[in-house]
Amino acid sequence: MIRQILGKGRRAPLSVASENDGLQEDVGRTQPSATDALPLIRLQQLTKRFGWIPALQDVSCELHGGQIVAILGANGSGKSTLLKLCAGLLRPSEGNIQVAGWQLPKEAAQVRAHIGYAGHEIFLDESFTIQENLSFFAHCYGSAGKLRVDHSLGRLGLAKFAELAVRQLSRGRQQLVDIARATLHGPELLLLDEPLNHLDVVAEDVVVQMMKDARDSGSLILWVTHESSRVAAIADRVLLLHAGRLVVDEAGQVAETDWPATLKATLCQEMMNRSA
Amino acid sequence: MKITFVQAVMLILRRDLIFDIRNRQRLWIIFLFAILNTFVFSFALELQHILRREVVVGVFWTTILFASLLGFERQGSEGSRQRMSQAIKLAPLPRLAIFYGQLLANWLITLCLLLFTVLLQSGLFNARLWHMDFWLASLLGSLGLVTIGTTLTTMFSHISVRVGVMSVLLIPLILPILLTCVRFTLATQSELPVRNEWVALLVLQDIILLILTSWLYPHLIDE
Amino acid sequence: MKRSERMKAQSPPLREHGLTWLAIVVLGVGFAMALFYAETDQQGHVQRLFYIHMPSFFGALLAFSITVYASLRYLRSRDVKWDRLAVVGVEVGLLLALINLVTGAIWARPIWATWWNWDPRLTWDAIMILTYAAYGVLRGAIENVETRRRFAAVYGILAIFTAIMTLIIIRIRPDTMHPAVIGPSAQEARGSFDASPTMQITLLVNLLGWALLLPIVLMRWRYRLQQMSERLEQLRQQWFEA
Amino acid sequence: MRPFILLFLGWLCIWPVSAQEDADLIEIVVAENDLSIFHEALAETDWGLTLTQDGQFTVFAPTDEAFARAFERLETTKEDFFAHPDRLASLLSFHVVAGAMSLEELRGETSVMPYRRSSLVIDRQDDELLLNREARVLQGDLAASNGWLHIVDTVLLAPGEFAIEIADNLSFLVLGLAVVALLVSGYLSSLFWRWRLVNREIALLRSRIKEAARNDQSFRS
């Protein structure tokens, strides 16, 4: 079923991932045209202060479904905060976030079913096995059934570890399971906070492939990362954050910056020749 | 299709119970403490000499209060439970479903604790605690205790707090319920006519508490 | 901080001072009246403590109810000023409740020959002190500023439930099983007040002083202190940030 | 003539028993020989009057020897204990309970509420009654027209009763005022001290920030 964001009215009703959607997900589907549809995420002068330290300062942009957006920036430049805000875990101090037309802090309930978030901490329970953890979340998201759990485990190559307790897994594999948890219900908005950190090369490719599949099926992936080298190859669009401000927006336009010119220039250059 | 409210509550309830059964430390702490507390009181008050049923009632409720207090303190500070509460917040479950799920889980454990302590203490002090109204009082009293306990546990699972803060916070809130329970069970013990105004008072408190905590719970969870 | 704003923080406007001086005058007059003007009750001179005991009780009630109202408003609007008001209400309320407790106990000693006779109002006052002291413990235990305010507001509301329920339950005497809500508890017996007009005037003056002016003045000063300590924390964070 | 004497003697010996039937509590106390202090105490206060009227009472009468022991405990003598009638009345009110209760009925109770308003605890120690955790009943169930009388071996003292000699309560007034003054001044000084501390800290920090800003400019230029 084509996951299409209807462009009319403020409240864009999202089509719900139906029960049997899991299987046909990989079958090629038309790429929703990014221009006319209502943006999946709209940030307007988003500011977030922890105590008095501004983590994010009036970030505003619009992101459409069907693309991978890389978020780059130094440590403490507000990347994770931006991700948590989009996931509805934090409440913005000023400005507002709209995910698929729903105002996030208040109407988060409607949108939570369509958001997948995998952060730094592993949101799993060590004493349970992988199978139990994932089936619990499958039940939570309402797309119950062993089918989905096996499918997502298989996709990330974790099928044979299903019976192991999370405690016995290595950090990298735990992170994979966490990503499986986030993508279990086929979310329209996938938020990944440095997913490739602890992974070996094989696992990295699996995750990148999974991100590409999700992008092809029309969902938006916000990917926070450090390796700017891989960004050019994978991301359709880049957001550069420096000290809480959005430096580079849209494909390559530069706002005001004192971000080290070299990295930015090389990055934009790569973006230019790739899209040209 | 979203899961219904009751399904969500059952889900959280099953999850919490399995979690507690899986790592049994919390249960061990609660039940062992109940036994220890009983012995401390029996030695301290020389219970076998004074055949006073009132004292036994007092000892019973103190044991219940402190044993479940230790359970809540432990639950509040468990690392894995804190991470899980974050994950559950992400899922599209209605906020109150999470609260009632944890509430029911804690309530079941407290009821087991009640049963265990009644058997233990009526045996040791051969006081006849098996009074019908006694069970009513314990049921309602433990509901109130658990409501406040779960609220504070949720609060503490978001912040890592040193030991002891939970008891300082929980006991003042529990005093009215404890007062009513002790007086109600006193009436059952000393063949005085059991006035049903005590039951009404307990029910009233439980209802007010449930309404209050249900209204305050979303503020606890969401930023 | 601009100069004018800093000046305002240093020397509060006359209205601030005026209220403080008014409170000091009223308290002084009330104090003098309690000692010399009012008749000595048949319980002897110790009964004069009553003119501080009862008004401070209502002052504490006023302070705690302000805390509850501020907590409710903070939860709805998440505005920092409501949280400041809640903190201020608790601190002043605790002071006044403590005064009420101490004078009650000292007054009970010669009359009832015991320091503490589990009199309903005194017990209720003690439990309120315990509950709102725990409020202070909670605020101290949380580092994150937003969570501290939110949880403190939630606890402030739960605490008032305890206070009200305890008041009702304590009045029901255990042995006779019927509520003595109106019945003469030891406190009321002492406080029943059809006595001479001089006593009533003294009580009124003291009531104005202790129950109204003192809490409000203390709260205003404590509120300014709270503002300044938050200003300090802000500067400290900026300093570590820079 | 003899039968009359016999009759009179017979009447005399049954008189105390029969007399007891319609005699009230005070007369029974008078009749008992070792309750003189108790009787004197009753006469001293208005209890002497109330116990004669109708209305059902249960009275616990401590023996003279019990009073003697009580006076030592309270380090007072009989005279100056009787000097304070209100304290005496309050002590006696702890010995009188509304409603006539025989020993049997008392055994069923766990605590009763005398006129003194603090509960009198009743224990059972191997089938013997224990009042106020210390007093035993020497002779119980003396029926009277308006209630029952039980003679006990120790004076019932309410908890914390007259433990120390009560000074004139003016000193308590002064103590109360001193404590209040202490509390208020303590809070005000803590408020003032915190105020000064915060002010000084703000000034310090602001000067540091200004100074840091100044060397930034110098560094940049």
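Per-chain residue numbering starts at 1, and chain names A, B, C and D are given in the order in which the chains are listed.
The rule we apply is simple: a residue touches a chain if its C-beta (ideal position, glycine included) is under 8 Å from a C-beta of that chain, and two chains touch if they have at least 3 such contacts.
Since the model is a prediction, treat every value here as computed from it, not as a measurement.
Visitor: If you average the Cα atoms per chain, which one ends up farthest from chain A?
Guide: D
Visitor: If you tally contacting C-beta pairs, which comes out ahead, C-D or A-C? Let me know.
Guide: C-D is joined by more C-beta pairs in contact.
Visitor: Need the CA-centroid distance for the pair chain A / chain D, whole Å please.
Guide: Result: the chain centres lie 75 Å from each other.
Visitor: What whole-Å value do you get for the distance between chain A and chain C if each is reduced to the mean of its CA atoms?
Guide: 51
Visitor: Hey, how far is the Cα centre of chain B from the one of chain C, in Å?
Guide: Here chain B and chain C have centroids separated by 32 Å.
Visitor: Two or more other chains touching the same residue: where does that happen in chain B?
Guide: Each of 223 in chain B touches at least two other chains.
Visitor: Under the definition above, what is the set of chain A residues touching chain C in their complex?
Guide: 50-53
Visitor: Contact residues on chain C for chain D in the complex?
Guide: Within the complex, chain C touches chain D at residues 1, 10, 43-46, 48-49, 52, 95, 98-99, 102-103, 106-107, 109-111, 113-114, 117, 175-176, 186, 218, 221-222, 225, 228-229, 231-232, 235-236, 238-239, 242.
Visitor: Which bits of chain B are touching chain C when the two form their complex?
Guide: Those in contact with chain C are residues 148, 151, 155, 158-159, 161-162, 165, 168-169, 171-173, 175-177, 179-180, 183, 186-187, 192-193, 195, 197, 201, 205, 208-209, 212-213, 216, 219-220, 223.
Visitor: Spell out the part of chain D that touches chain C in their complex, as residue ranges.
Guide: Within the complex, chain D contacts chain C at residues 111, 113, 117-119, 159-163, 166-170, 172-173, 175-177, 179-180, 183-184, 187, 191, 194-195, 198-199, 201-202, 205-206, 208-209, 212.
Visitor: Quick one: in the complex, what on chain A touches chain B?
Guide: Per the stated touch rule, the residues are 16, 19, 87-91, 105, 108-109, 112-113, 115, 117, 121-128, 132, 136-137, 139-142, 181.
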